[in-house]
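I have a structure I would like to understand better, so I am pasting it below and will then ask my questions one at a time.
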Amino acid sequence: MDYVFEKKFEVRDYECDVQGIVNNANYQHYMEHTRHLFIKTIGLDFVDLHNRGIDTVVSKVEISYKKSLKGGDEFLCKLNVRKEGIKYVFLQDIYRVSDMALCTRGRVEAVAVIDGRLGVSGELDNAFGVVIR
Amino acid sequence: MDYVFEKKFEVRDYECDVQGIVNNANYQHYMEHTRHLFIKTIGLDFVDLHNRGIDTVVSKVEISYKKSLKGGDEFLCKLNVRKEGIKYVFLQDIYRVSDMALCTRGRVEAVAVIDGRLGVSGELDNAFGVVIR
Amino acid sequence: MDYVFEKKFEVRDYECDVQGIVNNANYQHYMEHTRHLFIKTIGLDFVDLHNRGIDTVVSKVEISYKKSLKGGDEFLCKLNVRKEGIKYVFLQDIYRVSDMALCTRGRVEAVAVIDGRLGVSGELDNAFGVVIR
Amino acid sequence: MDYVFEKKFEVRDYECDVQGIVNNANYQHYMEHTRHLFIKTIGLDFVDLHNRGIDTVVSKVEISYKKSLKGGDEFLCKLNVRKEGIKYVFLQDIYRVSDMALCTRGRVEAVAVIDGRLGVSGELDNAFGVVIR
């Protein structure tokens, strides 16, 4: 798959649970943080948007867990995005750096909520337009 | 839908993010905790199983986000489970208590990993057999 | 010690780390949540206060860790509060229910920040006045 | 103050709460992660030690909160360590990169627990000996 953004991180021990592996919910945190870093590269900021009444809200998440990350593992968060109707669909995969094994495969749907109502934001569309083909 | 287990919780403020609503990843925490409480009612314990080399590992998560929970909101985590091949499939919905609005609809696939390898656990099958029809 | 508020909780497995015990930072979450529940009993709400420009901000935390909580453990969060100058000082202890062992002993200083500046809030003082002697 | 270790991080939006600032407990996570990275530089690994029956357990934490970090802020976690009796005392300060303002000042006491009992570990003492003067 093609990706338009990637960022490397390292597992923090507190993200792991009794099984010694990263707790499932934390992959969603990794993916959220990756999206927020990505939208900065196209000129958007999650908190700034929120303060101006524009919220990007996740409406659906699908994550397939294939390999587990452990404390200290380095991993690459890769991302692509496309538009389907009013939804932005993020394809987000996480790879373990040591062997480039695919750890999780994610699909995240988000919508724009403007002043509390589902809407269309020209600002978001223009910014995403640069990377969506 | 029929459910075989439910448990009421209250949103903790630290679970909310800048948007003033529960962060998406935390619903996965709610759902995990609900599963672990549920399996106790059928005689299983997540940590005890792990210590005996039997891990229940989530292989796939799908969550639809419909309404947001806010700080202080009470919510009901409801659960059903069925078996598909070697997978246990949990259907997990979260309702806001104040108006019983459906907040999230979740589907979680888990498999048994025994001494590090995908496997079939008679102990798990017997325990789940009581509630899976 | 005398306490003016207490609330019982149960450890969630995701709050535990590789050592199989509740991660240290989570006790601070338990203590924060307990404070927020407590202030509701005296008519205050953390989020509502924030939305009206009144933030209660923690300026100092001291926690002594004495016994560890494990997955599934029930625990009691107990709280007292006094005023020292402009600071509210919360004494917050956590006991394991099974044997009432003291697990953590906490001392949390908080101040009022009004519209972004350190201040004195009559509303807070009046509310706390009922429980501070 | 002199420091023997430092590492730069960036605030992730999910670490912030309704007040728009990093939740207090997360500073403790930052400090834990910094300690674990630091001990790797002197040849120790938290998880590996745990698996061999040697746990470094935090017995006391004191944190003064001076400035708040916000989403996207870069920050430097700095650390020093000394020994007091059987305790390792970590001095851990966090600075905001943009203006090098001191955000939090921390003091963390840890002890060695060997096979479940408070103890002295020659392995830890030797490793720390290189940096403690």
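Each chain gets a letter, A, B, C and D, in the order it is written, and its residues are counted from 1.
Here is the rule we use: a contact is a pair of C-beta atoms (placed from the backbone, for glycine too) under 8 Å apart; a residue touches a chain by one contact, two chains touch by 3 or more.
Just so it is clear, the structure is predicted and the values come from calculations on it, not from any experiment.
Simply put, of A-C and C-D, more C-beta pairs touch at C-D.
When every chain is reduced to the mean of its CA atoms, the largest separation from subunit B belongs to D.
Mean C-alpha position of subunit C lies 22 Å from that of subunit D. Once the centre of each chain is set as its mean CA position, subunit A and subunit C turn out to be 33 Å apart. Looking at subunit B, residues 13-14, 16, 18, 20, 23, 25, 29, 32, 46-47, 71 sit in touch with two or more other chains. Residues 12-14, 16, 20, 29, 32-33, 36, 40, 45-47, 70-72 of subunit D are the ones that touch subunit A when the two sit in their complex.
Interface residues of subunit D, counted against subunit B in their complex, comprise 13-14, 16-18, 20, 23, 25, 71.
By the touch rule above, subunit B contacts subunit A in their complex via residues 18-19, 23-26, 28-29, 32, 46-47, 50, 55, 57-65, 68.
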